[in-house]
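One chain, chain A, appears in both complexes that follow, with chain B as partner in the first and chain C in the second.
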Partner chain A sequence: MRMAIQGVGITGAFGTGVDALRTALQTGQVPAENKTAENGYQAPVDKLVDFIPKRALRRIDHFSKMTLLSASLAIQDAKLETADRSRMGVVIATGYGTLQTTFKFLDSYLDYGYACSSPTHFSNSVHNAAAAHVSMQMQATAPSLTVTQFEMSVASALLSAQQWLAEGRVDQVLFGAVDESCEVLHYCRNQFFGAGEQGPIQPFAFDKQSAVAGEGATFLLLTADSEAAPYGFIDSVQMGNHTVSPLQLSNDELFIIGADGHRQCSSWYPQAVSDSNAVAYAPLYGSFLAAAGFDLAVAAVSQRDETIYLCPESSGSVGLLPTQKLTSQPLSCLKFDGGGNYGLIRLSR
Partner chain B sequence: MFYPEPTAITGLGCISAAGLDLDTALVNMFAGKRNPQPPTKFTTEHQVASLVLELSDELKLPLDEEEEIYSRTCQLALVAAQQALTDAGWDSESLRGKRVGVCLGTTVGCALNCDDFYRTYKDEGDDVPDMGIMSRFLRSNPAAVVAQQLKLDGPVQTVVNACSSGTDAIGIGAGWLRAGACDIVIAGGTDELLRLTYSGFSSLMITAPEPCKPFDVNRKGLNLGEGAGVVILESAELSKAKQKRGYLRGYGSACDAYHLTAPHPEGTGLKRAIFEALAAAQLNATDIAFINAHGTGTPDNDRVESRVMKAVFPGKPFGSTKGFTGHTLGAAGGIEAVFTIACLQRGEIPASIGFSTADPECPAEPVKVNTAISGSNALSESLAFGGNNAVLIFAKGEC
Partner chain C sequence: MSVKEKLKQVLIEDLNIEDVEPDEIADDLALFGEGLGLDSLDAVELVIIIQKHFGVEIKDMVESRPIFESINTLAAYIEANKS
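Up next is the complex of A and B:
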């Protein structure tokens, strides 16, 4: 069953909202203020106060703030601000969950002893805390689901969103992809990848480690197949392992690939797609596990704009596709992990 | 929404403090045996130790020599998955060429359990943090590890819905079969005992320094536990010639949208999940023979669950098995699904251990003794952090 994309909310290093994403797609640039001292990317959350009073945000961490901001934007974009949300499901895909709060919880007992473990940090460090905040703030009382499948989180979670809509369990799904960065993550990435973390990200230099940590949150407001679908449709979601059953893809398709400068994951793309019919946008939001959700948001915006945007300048592709009109060519998002597992999301207008 | 036909369950696997396999667990539960104790696998400086239910030291992990490669949570999932596959008549060879999905719930399994790494990282001394700890975390996604070890090709999902994860995973896995996404699903939950969660639950002051007493007026809180519970779900086509262990007839889930750590006082989300599952199964509440309650032994959970039990299932026998297993968090829904199916087949449920004196605030009482049940359908429910509620309805099988 295909899903209609009714709204998009997003915050990432390029800024907040669909317009900021579109500007980044057009210019290939990320505002300097959203780059960190460690050369990473960070997502702004300052616009959250436009939706939720500051007072209500006192104990809410950065991860949940990014989540709430993007979810609110998606609902606004779909014009459902005043709608009854008792049949709105919430599905969130995340690779690591809330890293900063997890480490704050560890700080509480490593610094002050186990008797001083922080209950606030503990309860907010649980992976589904962000989904709970969304449900509470939006009064979305239908099913709520959080999925952690590293690079495959988005495809896996989207399968469940599709199932809920197909079986009529919900009328809408607020589908999100969220991950955050933190100092410890930067340390680990530097230990694992060394100077590769200096960037710039070159997604099409498949044999080069050029990833740079990013973060952000994006939400799509999905409904069952509908005549109205401002951002088009998600036709199918497929998961599998390329080594067990090799993926057979048509040269007629256009792919937004999740290549983000991670050599181990990127090595699978040239086996499945030609870079003459692929684009990648990781340089606009950085490398993080839930970034496949950002690829999906870009696909949605591309469908709305009927335009495939030029890959950002540092993409490292030999034959970059120029910005061009999206015609009848099918558009898909493809993400590989390091073990050859893939998530393939096919869209249509 | 209703399910056109029940989903066949062809295999059961279960590992918990009640026993390292299902048969042993049933013997121990019906004999009223349990062994809560202070944790032995890690130390903390809590003045009063909360009791836990650990797996027996007789446990042999399948990848012993690779313990440093995968987390214990993943290894527990593999043990339960292998038990369930064997029970269903499958092995890794016969699965080849089949579309097999893996859907597992966990809480601890995806948490960054890296105390030792982080302590060194924070320390300004010369010691270098052990990156092997982080590498192991990055290899240890439970559903992915099971799929990888068994060389499977199909959808893979690790559900992190806190304490309802295992229940949700089974409901979601059955949905994959209905959608034709695969032919077989390995579904359930898995979690290990960790200092991190032990400290977290202690900080919330909901753990008990004595054996837990779900629904009892003198209950002091929960005992944490560890383990894994897995069921094998098969398409109608594949399971046609097999005797079934049971059937999944309905699944429902809903969010309270009320509080991060406390259930809605009237159990609004739980009721909605129950009625959704009943509708999917095309059953009435009167068709349910017994209920496997979440029954953690915390004041809030038991009060709300008991109220819902009284309102929706007046007079129906119910009990909590967490006194035998401890609260195994993301594994609980998987383990309790296996117990529910096995008890349906046996026609009997064990005494809700720890319960002796009714709480005036809990209007429904669990069974005090092993209790014969009649009927073909039973319900297992889970409540979770974040206000999640998930419910499964099972029907009796042929073996």
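Up next is the complex of A and C:
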């Protein structure tokens, strides 16, 4: 069953909102204030107070703030601020969940024992906490779910959203993809990849490790097939393994690929798609497991604008596709993990 | 730094109270309700904060309610019970 994209909300290193994303796509630039001293990417959340009183945010961590901000923006974009949201479900895809808060809670337990473990940290470290915050603040009282499957989180969670809509369990789904960059993550990445995460990310340099940690949250407001779909449609979501069941992709299709400078994952892309019909935007938001949701948001905006935007200059692509009119060519998002598992999301206008 | 000054600082930092400076919290300001506006979950966090930062344990929250009235009462309890 195809799904209609009614609204998009997003916050990432390029800024907050669809207009900021569009500006980044047009310029290929990320504002310097959203780069960290370690050359990482960070997502602003300051606009959240436009939607939720500051006082109500006191116990909400950064992960949930990014989540709430982009969910609020998606509802605003879909013009559902005053609608009855009792049949709106919430599905969030995340690679690691609330890493920073989870480790704060574990640290307090290890340092001071259970008697001094913060209940606030505990409640925010529960994996569905961000989705629960969204459900409560948006009064979206249909089912609420968080899916974690590393690089495949987005495709897997999207299948759940599709199933809910097909079953009629919900009328709308607030579908989100969220991951955060934090001290713990930087420590782990340094252990795996060395201290050389200096960038720039070169998604098309498939044999080179060039990933830089990013973060952010994006939400799509999805409904069942509908005549009105400002950002077009998600026609199908397919998951599989390229070794077991090789992808047969047409050269007529355009792909937004999830290559983000991770050598192990990136090595699969040239086996499935050609440089000449692929674009990648990881340099605009960084490398993180849920970034496939950002690729999907870019696809939605591209469909709305009827434009495929040029990859950021640093991409490392030999034959960069120029910014061009998106005509009748089908657009898809493709994400590989290190083991050849893939998530393929096909869209249409 | 005095116990009262440290208390005000850790309250703001650990309870994530925004737009309030330590010197804006009067020593006799009610911490809960109309005063600083803390609530029951903050009370649990306060017990932890006092044990973590001052090494003083508060075992019975119901009997200890008067301790949580203000910075004055909290500081007095800490001074009387710290080892």
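One rule holds in what follows: the second predicted complex is superposed on the first by the 347 of 349 C-alpha atoms of A that agree within 3 Å, B and C clash if a C-alpha of one lies under 4 Å from a C-alpha of the other, contacts with A are read in each partner's own complex, and residues count from 1 in each chain.
Throughout what follows, a contact is a pair of C-beta atoms (placed from the backbone, for glycine too) under 8 Å apart; a residue touches a chain by one contact, two chains touch by 3 or more.
Because the structure is a prediction, the values reported are computed rather than measured.
Undergrad: Quick check on the superposed pair: does A:Pro119 touch chain B, chain C, both, or neither? Answer first, second, both or neither.
TA: both
Undergrad: Contacts for A:Ala4 in the overlay, against chain B (first) and chain C (second): which applies, first, second, both or neither?
TA: neither
Undergrad: Spot which of chain B and chain C makes contact with more residues of chain A, would you?
TA: B
Undergrad: Of the partners chain B and chain C, which touch A:Leu284 in the superposed model: first, second, both, neither?
TA: neither
Undergrad: Let me test your reading of the model: by the given contact rule, A:Ser245 touches which partner, first (chain B), second (chain C), both or neither?
TA: In the superposed model, A:Ser245 contacts chain B only, not chain C.
Undergrad: Which of the two partners, first being chain B and second being chain C, lies in contact with A:Gly168: first, second, both, or neither?
TA: After superposition on chain A, A:Gly168 lies in contact with chain B alone.
Undergrad: For A:Phe192, using the defined touch cut-off, is the partner it touches chain B, chain C, both, or neither? Pick first, second, both or neither.
TA: first
Undergrad: Which partner chains sit in contact with A:Lys54 here, chain B, chain C, both or neither? Use first/second/both/neither.
TA: Once the two structures are laid over each other on A, A:Lys54 reaches chain C alone.
Undergrad: Please work out whether A:Leu296 is in contact with chain B alone, chain C alone, both, or neither, and reply first, second, both or neither.
TA: neither
Undergrad: Which chain A residues contact chain B in one complex and chain C in the other?
TA: 108, 115, 117-119
Undergrad: Quick one: which bits of chain A touch chain C in the complex? Just the residue numbers, please.
TA: Checking each residue of chain A against chain C gives 54-55, 58-59, 108, 112, 115-120.
Undergrad: Chain A touches which residues of chain C in the complex?
TA: Going by the criterion above, the answer is residues 15-19, 37, 41, 44-45, 48, 51-52.
Undergrad: Over in the complex, which chain A residues touch chain B? Could you list them?
TA: Per the touch definition, chain A meets chain B at residues 90, 96-97, 99, 102-103, 105-110, 113-115, 117-119, 122-129, 131-133, 135-136, 138-150, 152, 156-157, 159-160, 162-163, 166-169, 184, 187-188, 191-192, 239-241, 244-245, 339, 341.
Undergrad: Within the complex, which stretch of chain B touches chain A?
TA: By the definition above, chain B touches chain A via 1, 44-47, 107, 110-112, 114-115, 118-119, 121-122, 129, 131, 134, 138, 141, 143-144, 147-148, 151-162, 168, 172, 175-176, 178-179, 181, 196, 199-205, 253-261, 268-269, 272, 276, 384-388.
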